[in-house]
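Please see the structure below; I have some questions.
Letters A, B and C mark the chains in the order given here, with residues in each chain numbered from 1 onward.
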Amino acid sequence: MKLAGIKNLMQKILLLIKKFKSGDWLVMLLFISLIFFITKYYWEFPQGQYLKIEKNNEIIGTYSLNQKNTFIIDSLMGTSEIIIDNNRARFSKSPCKKQYCIHQGWIKKINQTIICLPNQISISVIGNKEQFDSINY
Amino acid sequence: MTQSTIKTNSNDHKIAKLAAIAVAISLVEFFLPSPIPGVKPGIANIIILYTIFKFDYQTGVWVSLIRVFITSIIIGTFLSPTFFLSLSGALCSLLIVLIFKNYNKKNFSLISISLLASLAHIVGQFIVVRVWIIPHDGILYLLPLFLISAFIFGIVNGIIVQKLITSKTK
Amino acid sequence: MSFNKIIVSLFLCLIYGCSYDPIYQKKHYIFGTLVDIKIYGEKEETAKNISNEIIEELNRLHQLLHPWNPGIINDINQAIANDKSIYINNNEIINIIHDASTLENNTKGIFNPAIGKLVNLWGFHSETLPTKLPSKEAINSLVTLKPSMNNISIKNNILKSRNNSVQIDLGGYGKGYALDQIKNILSVNDIPNALINIGGNILALGKRGSKTWVVAIQNPREPGVIAKIPLKPGWSIGTSGDYQKYLIDDKIRYSHLINPFTGSPSQGTQSAIVLTPPSVNSGTLSDVYSKPLFIAHKNKKFIVAKSLGLNYFLIIMEDNSIIISKDMMNEISWYQEPDAKNIITN
């Protein structure tokens, strides 16, 4: 019984949507884009500033996400490659079997971390978004 | 003493009736809760849009302005910040409709106009809030919420107005 | 249809513009301090090349201006100490010496790059911080000799000094001068937007896109910042602080900023910050003019600032009172709002 009701509702909605003209869809699309970007702009996702690379739990280095970079690191199972590009970072090559670390893709927000367990290499995003560009002292 | 009578014609009756309905809707809307007190989605816009497209733009302007004034007088917020919020939203909305009302009827229906009017309504209110009532950038964090509401009501209002206009001509 | 296209493309531009923030950044230990270069809106290749050129220039200046390592300045100082004249074929050094003289006169002797011997006496001519206070006699004997840049004359490239206690120390001048040289490099290479920080002395060129560059001001006693202020295109900011180089003896802090008239480090001020407007030597001025503001007596600070034409300055005193110019007050944003009763303004 309820199924018939829902089907009816869907049919009514479909009829309504058919009445929308091509331009309407454009306006709706622009409106939604506006909402998306205003949301992104004001509810700023905390973009991290630096990438911390650790091997065997020791910090190899901390690198600015602002600058393109490629790191080649040797460890337990072989050679891994980490890329920084466009304010984000990822594992691009890894000798591990399951390649989970590569499949995690890009990270850029503070506290986001990717760990390659078998290799004991991890990358994590750190740093607060500073409200200033430089410190005078 | 000479008696002066104000003669009303049928147009005035029309405006009065529509304005009354708009005011009624506004009063109901007044009691709906809102994250920023005073900023409302503008359901009464249905009446305004209906008036503009069923009759003419000028009539619509009358109905809109009368709604704003009468509602604020009844509630008791006449000339208060809330009044200016409401007025600003209404004026921005009217302005946008004026610009776009005859634009490309082939590819754009009332839905588009309703969406744009709804957007202008919210933006108009937000400008008053940000510049005058709560002059703080923090208030802009609520903009996404209101934009989403404007989007939904824009579509809903548009569909309803469309239905009202096409069904009444039967 | 074209109306639609215009609207859509304008919209996309707006969105694209919102998130694009291309900054090239390079930090480097050079010139005896930490240098931070930020270049906005250039291709990475271009930014990298310019950055390298800047680093080369800083290396060159480090050698040229070093107060105690072997080099031209050291040669000059030795000649002066031995009452000898010396031939200088480096026009840049000659100009610097003249400029330093002018600035000494502008600041009525509070900024005095000829007191190298005093600085050395206090132990600040070494890579390590000093540990012992010099004796009063030693200090007085140097003060009474009254070394001044005005004692130096250069004619036909021959430099001599009529006062052999003069020792040139451009420590309070070098960072600012370097900023001005870098300004020229960037300008010659058509780089309009950059932020250069040499050991805390900062120069802003252009903007960070549509946003003005913003700099934070260091808390003189704890790690952390106390305020931030926009640094408009072409402006520089410089600080003299008692937390940069100092020695502590019997709980009293002796900073490296020596008052030429007393021969001892100035007391009572924690840090003095000045902003200088765009000009050919704005970098130099931001470095040099922070000194008289630091050294001057609390009651004289506003007068000194006025005589130097400084409208933007902030001075944090040892007693935590804050002396701040009206203009600076308008532009500054405090992270820790100071007590209103501690603020002294004009």
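Operating definition for what follows: a residue touches a chain if its C-beta (ideal position, glycine included) is under 8 Å from a C-beta of that chain, and two chains touch if they have at least 3 such contacts.
Since the model is a prediction, treat every value here as computed from it, not as a measurement.
On a Cα centroid basis, the chain most remote from chain B in this structure is C.
Interface comparison, A-B versus A-C: the higher count of C-beta contacts falls to A-C. Here the CA centre of chain B is 59 Å from the CA centre of chain C. Centres computed as Cα averages put chain A at a distance of 41 Å from chain C. Residues of chain A in contact with two or more other chains: 23, 34. Those residues of chain A lying in contact with chain B across their complex are 16, 19-24, 27-28, 31-32, 34-35, 38-39, 42-43. Touching chain A in their complex are the following residues of chain B: 104, 106-109, 111-112, 115-116, 119, 140-141, 143-144, 147-148, 151, 154-155, 159, 162. Across the complex, chain A is touched by residues 4, 7-8, 11, 15, 18-19, 23-25, 36, 38, 44, 195, 197, 199-202, 208, 213-218, 225, 228, 237-239, 241, 243-244, 273 of chain C. Touching chain C in their complex are the following residues of chain A: 23, 26, 30, 33-34, 37, 40-41, 64, 66-68, 130-137.
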